[in-house]
Amino acid sequence: MNTNKRKIVNDPVYGFISINNDLIFDLIEHPWVQRLRRIRQLGLTNLVYPGAMHTRFQHVLGAYFLMNQAIEVIRSKGHEITDEEAEAVNIAILLHDIGHGPFSHALEFGIIEGFTHESISELLMAGLNAQFNNRLTLAIAIFQDKYHKRFLHQLVSGQLDMDRLDYLRRDSFFTGVSEGVVGSDRIIKMLNVVDDKLVVEAKGIYSIEKFLIARRLMYWQVYLHKTVLSAENLLINILKRAKELSLQGDKLFAPPALEYFLFKKFDRSFINAADEKDLNTMLQHFVRLDDTDIISATKVWMEHDDKILSTLCQKMISRQLYKIELQNQPFSAERIAEMIEKTEKHFSLSSKEASFMVFADSITSNIYETGEHNIGILYNNGKVVDIAEASDMLNMQVLTKVVTKHFLCYPKEIISKI
Amino acid sequence: MNTNKRKIVNDPVYGFISINNDLIFDLIEHPWVQRLRRIRQLGLTNLVYPGAMHTRFQHVLGAYFLMNQAIEVIRSKGHEITDEEAEAVNIAILLHDIGHGPFSHALEFGIIEGFTHESISELLMAGLNAQFNNRLTLAIAIFQDKYHKRFLHQLVSGQLDMDRLDYLRRDSFFTGVSEGVVGSDRIIKMLNVVDDKLVVEAKGIYSIEKFLIARRLMYWQVYLHKTVLSAENLLINILKRAKELSLQGDKLFAPPALEYFLFKKFDRSFINAADEKDLNTMLQHFVRLDDTDIISATKVWMEHDDKILSTLCQKMISRQLYKIELQNQPFSAERIAEMIEKTEKHFSLSSKEASFMVFADSITSNIYETGEHNIGILYNNGKVVDIAEASDMLNMQVLTKVVTKHFLCYPKEIISKI
Amino acid sequence: MNTNKRKIVNDPVYGFISINNDLIFDLIEHPWVQRLRRIRQLGLTNLVYPGAMHTRFQHVLGAYFLMNQAIEVIRSKGHEITDEEAEAVNIAILLHDIGHGPFSHALEFGIIEGFTHESISELLMAGLNAQFNNRLTLAIAIFQDKYHKRFLHQLVSGQLDMDRLDYLRRDSFFTGVSEGVVGSDRIIKMLNVVDDKLVVEAKGIYSIEKFLIARRLMYWQVYLHKTVLSAENLLINILKRAKELSLQGDKLFAPPALEYFLFKKFDRSFINAADEKDLNTMLQHFVRLDDTDIISATKVWMEHDDKILSTLCQKMISRQLYKIELQNQPFSAERIAEMIEKTEKHFSLSSKEASFMVFADSITSNIYETGEHNIGILYNNGKVVDIAEASDMLNMQVLTKVVTKHFLCYPKEIISKI
Amino acid sequence: MNTNKRKIVNDPVYGFISINNDLIFDLIEHPWVQRLRRIRQLGLTNLVYPGAMHTRFQHVLGAYFLMNQAIEVIRSKGHEITDEEAEAVNIAILLHDIGHGPFSHALEFGIIEGFTHESISELLMAGLNAQFNNRLTLAIAIFQDKYHKRFLHQLVSGQLDMDRLDYLRRDSFFTGVSEGVVGSDRIIKMLNVVDDKLVVEAKGIYSIEKFLIARRLMYWQVYLHKTVLSAENLLINILKRAKELSLQGDKLFAPPALEYFLFKKFDRSFINAADEKDLNTMLQHFVRLDDTDIISATKVWMEHDDKILSTLCQKMISRQLYKIELQNQPFSAERIAEMIEKTEKHFSLSSKEASFMVFADSITSNIYETGEHNIGILYNNGKVVDIAEASDMLNMQVLTKVVTKHFLCYPKEIISKI
């Protein structure tokens, strides 16, 4: 082993993270992974929780650290994971977020409508595999759940994967919402494999209950915090408006990478028509784009002639976010119409323009991803029981239910008028 | 009190920070303070310690939190601090970093040669005072050490001020260098005032020793870490080169706020000649500038025609920093000349151009600010003794000595040639 | 105030605990409170979790610390708590555990059958009140829920009292079961009072859910841990056997305070017949008794002639505890009979004697105290909703249900025979 | 491997401690090691720092945990440690404190004058070796520094051994003196071996400085805290007086193990005359003795006829400790005489009796053990430099100097008379 490539990274969450593998070291040094240093894990959440400045780079290193622990535990219980498989599953977790752009959600809704970060991840992994002489082939197979040992995939993406274990703990650490802290140590120590499926040993059941409760708490207290939702929707509207103006020929200020995405449509028809060269061009620009471009441009657009764009940008930068209401039922058409009317009057806008200021929407599938398999609890007698049955405590119907919350955003200015 | 303005902020370091004062609430909401959300406390240090993404905004809130504790302790020991003074000293600590630009050090060396962040702080405080109907007058007097109760100034700026207590602890927290953690709780509990001077009660002496050792540790392990120094100097050279090209008329890509500073000289002669309007224009641009502009532009400049600029920017973004050597003596002229020659050959550069790639410099006054008064230790008999005498443990000569370290930076590429 | 009596106590959980009140200082110094330094909070739990050596003394100081925080929060929300009431509620929490003897549960089952720790607490509080010139009268009224501001009593004893908030956090801290950690800071910050009832503001609902889950986790992972149950029952049997022998006239080794309780029956008839002098004698001995007496005597009894007593004591000291089985249904008479028979044979015991070695019992009311009022959640519109309704997440039926677990204990030696 | 013997122990300091070795598991279960559960690491320190209830059992488990880390680090740097050696060095650290009795210092000064805990450790290790079929022979050789790889001994006993690394961190954790926390992780990561000597790599120098400062802080703030010294000396006098009375034929209450030591002289002449049987008898009683016997007896002696003994015991149990003065020079004969005279008068004592109440003594060799080798710092060029030279910061003269502090103890009652 080339010892020059051994490295110890300080991490506020776990202490020290050791990198002991040349290929992994080289991947971490690659500009496409380094780019994650400039993409915050929680987007605009720092507007509510100032500590939430941590990046996707820190997160993937942390998930890699946990993966090493999980491999050691599973091996110690008599299940084979070859060195090759260990390297591959480590690579898979290291690269699992590589397709995330800046403010992922906003970006996908605002300017690259046709692409999800998952699809871009796959394109970038394939690109890296080519650059690294196909040494990532096994990692990609595991990532795509095409490898026969399927529990390896579950370590990367499943109900108890290293991604979640790290992000819940890390997000809770940096936001300062200490109640979200997850006992990742204990959960990992309780992992086992039965019939090629990741399970948790029975005495870990309370830890799992607490993990699910902590996750729920983080959802409502952080990920779907009203003010965070408001800020994200503000950014979506900024990007939509900027793109609208760009497509109309307005030469907006923007760094070239952002400009590329603003001045081109990335809908289904682009994807269907795109040849390899088109995709490559897209990726070349994508890997140049990060949080700094969006924020820097937003500041410039505060002075733009378009009143909508400049108003939205001023609101973002001075943190004068939308007023937001949240409720279980959809907002009535009358209510929305009333708010729109007030906004049109207050800002002298057309109704088309006002739609950037007042809008109702809902968040649905974001809370708990559907279609996931429940967590299996392994009893001493060898039986595996679904957590939904094993736990008499949790209302699993609630946990697995798709929750829809409706929200209405409007400018603060119009309330004082009421 | 307008209770709508009471607020609790989550902070990973202290838990909860309460804001209970309208004026302070409004100052925190002011765009000039909000701007600090986009300026990292430790600049490029995250290239070595990935957790070091925390901002000056978090730091000033933390220092404000500690100030409230200190006020409570000092009052409990029988020293009067009126409510007005308490508000003022809180404002002073809240605003003490307001003049910091992005990557402060690099900025001051690279493009706004004539201004220190201290001088800009004073200009901005004056500006805020005008906007807030002179309600900051007492705060500014304390900040400038013009108020008769001088211990209040020492809480803002002195050997044991709330600034240092917070940043040592916070920087150590976020870098993960846990040994730098300072027992701010205990030190604050031991504060007292004698003859209008902040002192530490005798039983706090070991805490002070540990504070000084922790500070030293943070200097060598974080603030003056070789790789951080290398990155900072790389950025200085990027900004210098960009400014050089701009002044020659090259229309570099840059957001307007950065453009303003690139295309104008900010030396002594500007300051001497500047009228209020000039200064205002400068400040208007300054408060628009933050980390995102510098990073975003650096990425664009990777493609610039000027080979020096593009090479430096590529190195920064792909984290291929200078190789750096550190030593106690200056580097010999021969050694430097040799490295320059190698660099000229390797990159086919003129010697003027090579100076952006190879250079020797020293860091001197950065380690311990000179001219500071030592810390007084208050014994039970009422006597105050200098820490230098009170501690038989610390080699105070070492601590107070101005240390000069010489360093030599050059591109990694030229070594493999050797 | 007599500043000699101000004191700061270091606490590993909260940092510093300040004592700023003379009466409270004097109560803490009183031998009856100091005695709690020699009574572990979690009895024999340290046999499973070696860190669980913390004492009831630490716990009452911690609960006192939290009470001061709660008082400050409730006052800040506009509810009056006079200085006199604040002192009284602080005293009430400080003294709430004063009637606990060593290994409380074991003691009550083993040798002082007629007394609960609650009844002894009341006797001791009355005693202290006499010694302190009736300055504790208000504290006792609050403790007994006889004071008209009933929310003060709820702070001492209720679903979210400072007792629980401290012990969950402290027990979790010292056992190292970090998942039991409760966000006491946030819960206290969310406390409010409506209609003289303690409630939690709506945005604290997730913290309450997590508090309840953490509490359940601590129950199953710590308080009712199988091995802990086994050790407690072993100690109960040791004490029962020792008392049996003593009442038969066997002069067992014991320090006088323990001797007093071993050689006298403390059943209902004693209580009914007891005059003030009898009770005083009892209390004089009770306040001399602590963990050290029980453990020290147990070691001596390892050599006692009575085979049952010596065997049980040897098992305790060498940590060869009963084998224990836990299940939801009662154990069948046949199963128990079979184990008894085996034990009789293995150790050559009469069936009376074997009952100290093999026995079935159940734990019922220990998990969640019944008859408690649910926690009220205060919404922004002023409505208070029961947590059982407010939380769609928790299965409150499960939480409030009286759970009965049946257990069977027997000596390990007889299994190898099977 | 017998997997029944694998075990995970929760530890509040390190999280989880895994035991993966049968022999080590059996040693931990042995009654002589289990006894350490009943011996507090810091004796009477909990009278000042209530959290300091942790035991020597927790400490040896912790030191064992760190040893496993150190072995892994040293192996990873290319130095061979065979599995046999690893087991042996682990056993050595596990047993290094096995000869400690209750309140070690007090015991050695008070009743077993002829024995040090080191000498008893060696006797007990030999006894265990016999019980375990000589499987501890290598461990004992390492412990006694008779094994040719001497760095293994240094891991057990040296300037940076696992004993110190654990106890500094653990004592600081449980006392709540958070400033004593040592970065054991980083120090262990920096360990290396040069010429069969344990050294620290150069970039760990600041951690070493901090370790030494933290150690000094713990000495002055905890280990030699005035009140702790006072309590220890009170206990020494209690034990001395009890022994004096016992040797005069007074049948003091005591559990048999304590009785044995009270009624026999354990001076040099005993040791010289003792045959193996005598020593065995002594050890049999010694391993029965723990903190509970001393405290339980002290409580009984509060009622003893001997006024000196009962007064001292009452003072201990009610925490009315001696008043203590500390200074750098010896106390003058006049001062001492004056205090003795006052005490004689106040308590109507003979001068012989008064010597239990008033006495001057000094603490000398306790602070830093002399004769230890300094810590070697390993530079990148392979040179090893003494920390005394390598650190320009620490005043090593101070650190290594034998400090003598003189103290004078007397009853509080006599001051109010002055």
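Chains: A, B, C and D, in written order; residue numbering restarts at 1 for each.
The definition used in the following text is that contacts are C-beta pairs under 8 Å (C-beta built on N, C-alpha and C of every residue); 3 or more make two chains touch, one makes a residue touch a chain.
Bear in mind that the values here come from a model prediction, so they are computed numbers and not experimental data.
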Those chains which touch chain D and also touch chain A: B, C
C-D against B-D, pair bridged by the larger set of C-beta contacts: C-D
Shared interface numbering between chain C and chain B [over half = same, under half = different]: same
Taking each chain's C-alpha mean as its centre, the one farthest from chain A: D
Geometric centre distance via CA averages, chain D-chain B, whole Å: 45
Whole-Å gap between the CA centroids of chain B and chain C: 52
Mean-CA-position distance for chain D and chain C (Å): 32
For chain B, residues contacting two or more additional chains: 15-16, 178, 186
Of all residues in chain C, those that touch chain A in their complex: 178-179, 181, 183, 186, 206-207, 209-210, 213-214, 216-217, 220-221, 392-395, 398-399
In the complex, chain B residues that touch chain C: 8, 15-16, 185-186, 189
Of chain D, residues touching chain C in the complex: 9-13, 15-16, 29, 31, 34, 37-38, 40, 46-47, 49-51, 53-55, 57-58, 61, 173-178, 253, 255-257, 288, 290-293, 295-297, 299-300, 303, 317-319
